[in-house]
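The structures considered in this document are given below.
There are two complexes below, and they share subunit A, which is joined by subunit B in the first and by subunit C in the second.
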Partner chain A sequence: MRPISLAPHLNNTGLTGTAGLDGGGFNIWGNSFPAGELPPAGGTTAVGEVPFLFPVAGADNVRCRGQRVEVPPGRWDWVHVLGAAERRTEDLLEVHHSDGSVRGQWLRLSDFWPQTEPRFGEVLAFRCRHLHYPRHVQRTMSPSIWAQRVPLTVPSDVVALVLPDNPALHVFALTLQAAE
Partner chain B sequence: MTAVRLTFSPCDLPLDGRILQVVPGRYDWIHLDLSVPVEEATAWLHYRDAVDPEFLRSLPGSSIARIGVPRRDELLAVELPALPGVRLLGTVLT
Partner chain C sequence: MKISLPGVSHWRHDLGHCLHATAGVLLGFYGADPLDLLGAAWGFDYRGGDVRREEYYFPCWQGSLFASLAPYHDVASAWHTPSSPEQGWDEVRARLLTGTPVAVAADNYFLPFRPAYQDVHTNHLLVVYGFDDARGTVSVCDPVPPRFRGEIPIEALTAARDSANPVRHSRDMFFTANPIGNRWLDVTVTGCTGPASRERLREIMAANLTGFEGVADGASDHRGLPGLQRFLRQAAARLTDGDASVVDEVFVVAGVALAVTGLHGDYLAAAARRLGEPALLKLAREVDRIAHHWSAVRIIVATGRDDPATAGRALAGRTTALLADQLATVDRMAAVAGSI
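Take a look at the complex of A and B:
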């Protein structure tokens, strides 16, 4: 397993503390996840057997706008994604190979709220007890972050992943799983 | 890294859009031994509670193709693409 740093691409604040509620903007309403109910910022957290680099505070997730994420050399079978969607969403993740070829793979993420079951068979990574609004803490809403996986049907010579141009998709962390 | 040798269950079927039942269970990959390489096609994965399209692609330089099974749900069947002239010679699920 190889966690990938998304630091160059973080462009959205989805986690806030109670002292900074108005700094969040996971969606158009300014909602955010309660950071205190999630793993420590900047550390590695495991969901099942998959380690993820949990983002640092501040801009802490990638709102997908076609960002290109470089991939280290290797043969990779799976891209594990820690993320959530403003509304359940599926879109194509582009897999770029060293020979210039590009292959699509479906990236599917369920709703961050309401607290429904996974729409796309993901693992529930975190379910918080509160939802942050810019001016209050809503104690009756429980937003979710999901652990999804995307297969790389052609595992060799992958040089980059290009995220969908779809701002409803938010990615907190990516981890590559080597091919067997 | 350890290479894994796959043992295919042999068959000889046309890729004509048929639905293959599988032993219900959770899987990572469907490997297909095809008569010719297939650059890209769409297969439909039938789970107990959903049906998803997924890409089928042959590995470079090989007629072995594979389909990822992302959902952590029970897979029941695979709806293969209709590709005239292509035959399915074996399958293995891992």
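Take a look at the complex of A and C:
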């Protein structure tokens, strides 16, 4: 398993503390996840058996706009994704290989919105007890972050992943898994 | 006096909003499966400039709001516009006394159970199903998260219904600056026929396909596939030219398209399981994929106010993909409708 740093691509603030509620804006309404209910920023956290590099507070997730994420070249089998969407959505993740070929694989993420079930068979990674609004903490809303995985089907070195140009998709962390 | 009507329970589709949730509650009261009624129609029909700043906006081509939501069923609705808050409550109370729940427009800012309470103004819709004069309360049902069903002070509902719905700050987006006006909605359901038979489903699919031909599509009407293409292409071009004024209109219209498409996908999936038709199930998944394009469209435009040119280019690319999938799905729908 190889957690990938998304630091160069983080462009959205989805986690806030109670002292900085108005600094968040995971969705277009300025809502954010309570950082205090999630794993420590900057550390590695496991969801099931998959280790994810959990983002530091601040710009902490990637709102997908076609960013190219370089990965350590290798014959990876799975891309594990920690993320959520603003209303469920799906799009092609471009998988770039060392031979210059490009293949698309579906990246599907369910809604982060409270009381909304996963649509694409994801594992619930985190469900917070509160939802942050710019001027208050809502104690009756429980937003979700999902763990999804994308298969890499061709036995050829992968060198980069290009995220979809779909800003409804948010990615907090990526981890690559090699063949056994 | 007090009354609490039985048979009022939550219903919500995850891609819908307060309109479909409210409609689901009211249709459920009449014994209907909301998905059967709200999911049958699939199309794109929008008259340019028709959009209104309310969460429950829906293009009403079939006359009333509910007739437009469920055009293949015998349902209808009528808006009432009382001249005062007192008259507004008297009318709703009188309707409840006949044993009929109603929908009321309300500003979330004044509703204690809404996250927007004392924070954000917005033009919302929910069901009223009872009252207790002695306690000074009304019973409301709102399936939109955090989901509420119970009593609130009548003063709160009155304030919400009589709100000017003003714009106060940056989060008062899309659904503000449209006074609520104590409006309430009366719904009539004259016969629920149950899930569509195979023959009825074929008729519904054929009617939807005819709608996609967009026969009446014109300069300001956006109907069917020609209208959909023109609406999205024009919006992308305006954004690319730096015109952010298109954001509100496209966001609200995309919300309707998202809900209608998502509901229809689930409607077809339910029919597929009921009738044992795998081809219908595959078609349902393709419709779902188009809904997921609409999720992207909403956020592309909503985040495009500060940089409309970039949003315009993203919307142009999304439009190409959406239209290609839409065309393929409509073609497949024609084939499936002829084979089931």
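Simple rule for what comes next: the second predicted complex is superposed on the first by the 179 of 180 C-alpha atoms of A that agree within 3 Å, B and C clash if a C-alpha of one lies under 4 Å from a C-alpha of the other, contacts with A are read in each partner's own complex, and residues count from 1 in each chain.
In this text, a residue touches a chain if its C-beta (ideal position, glycine included) is under 8 Å from a C-beta of that chain, and two chains touch if they have at least 3 such contacts.
What you are looking at is a predicted structure, and each value in this text was computed from that prediction instead of being measured.
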{"item": "Combined model on subunit A: subunit C and subunit B, fit or clash", "value": "fit"}
{"item": "Partner chain(s) touched by A:N166 [first = subunit B, second = subunit C, both, neither]", "value": "second"}
{"item": "Per-residue touch tally on subunit A - higher for subunit B or for subunit C", "value": "C"}
{"item": "Touching partner for A:A85 - first (subunit B), second (subunit C), both, neither", "value": "second"}
{"item": "First, second, both or neither for A:G23, with subunit B first and subunit C second", "value": "neither"}
{"item": "Contacts of A:Q148 with subunit B and subunit C, given as first, second, both or neither", "value": "first"}
{"item": "Subunit A as apex of subunit B and subunit C, Cα-centre angle in degrees (nearest 10)", "value": "90"}
{"item": "First (subunit B), second (subunit C), both or neither touched by A:G121", "value": "first"}
{"item": "Touched partner set for A:L131, first subunit B, second subunit C, both or neither", "value": "second"}
{"item": "Smallest separation of CA atoms, subunit C relative to subunit B, angstrom", "value": "6"}
{"item": "Footprint overlap on subunit A, comparing subunit B with subunit C", "value": "none"}
{"item": "In the complex with subunit A, residue positions of subunit C that touch it", "value": "14-15, 113, 115, 119, 145-147, 171, 173, 258, 289, 292-293, 295-296, 298-300, 302-303, 314, 317-318"}
{"item": "Complex interface listing, subunit A residues touching subunit C", "value": "28-30, 63, 65, 85-91, 111, 113-117, 119, 131, 133-136, 138, 140-141, 165-168"}
{"item": "Residue numbers on subunit A that touch subunit B, as the complex places them", "value": "75, 78, 103-106, 108, 120-123, 148-154, 156, 178-180"}
{"item": "Subunit B residues touching subunit A - in the complex, by the definition given at the top", "value": "1-4, 29, 40, 47, 50, 52-57, 59-60, 65-73"}
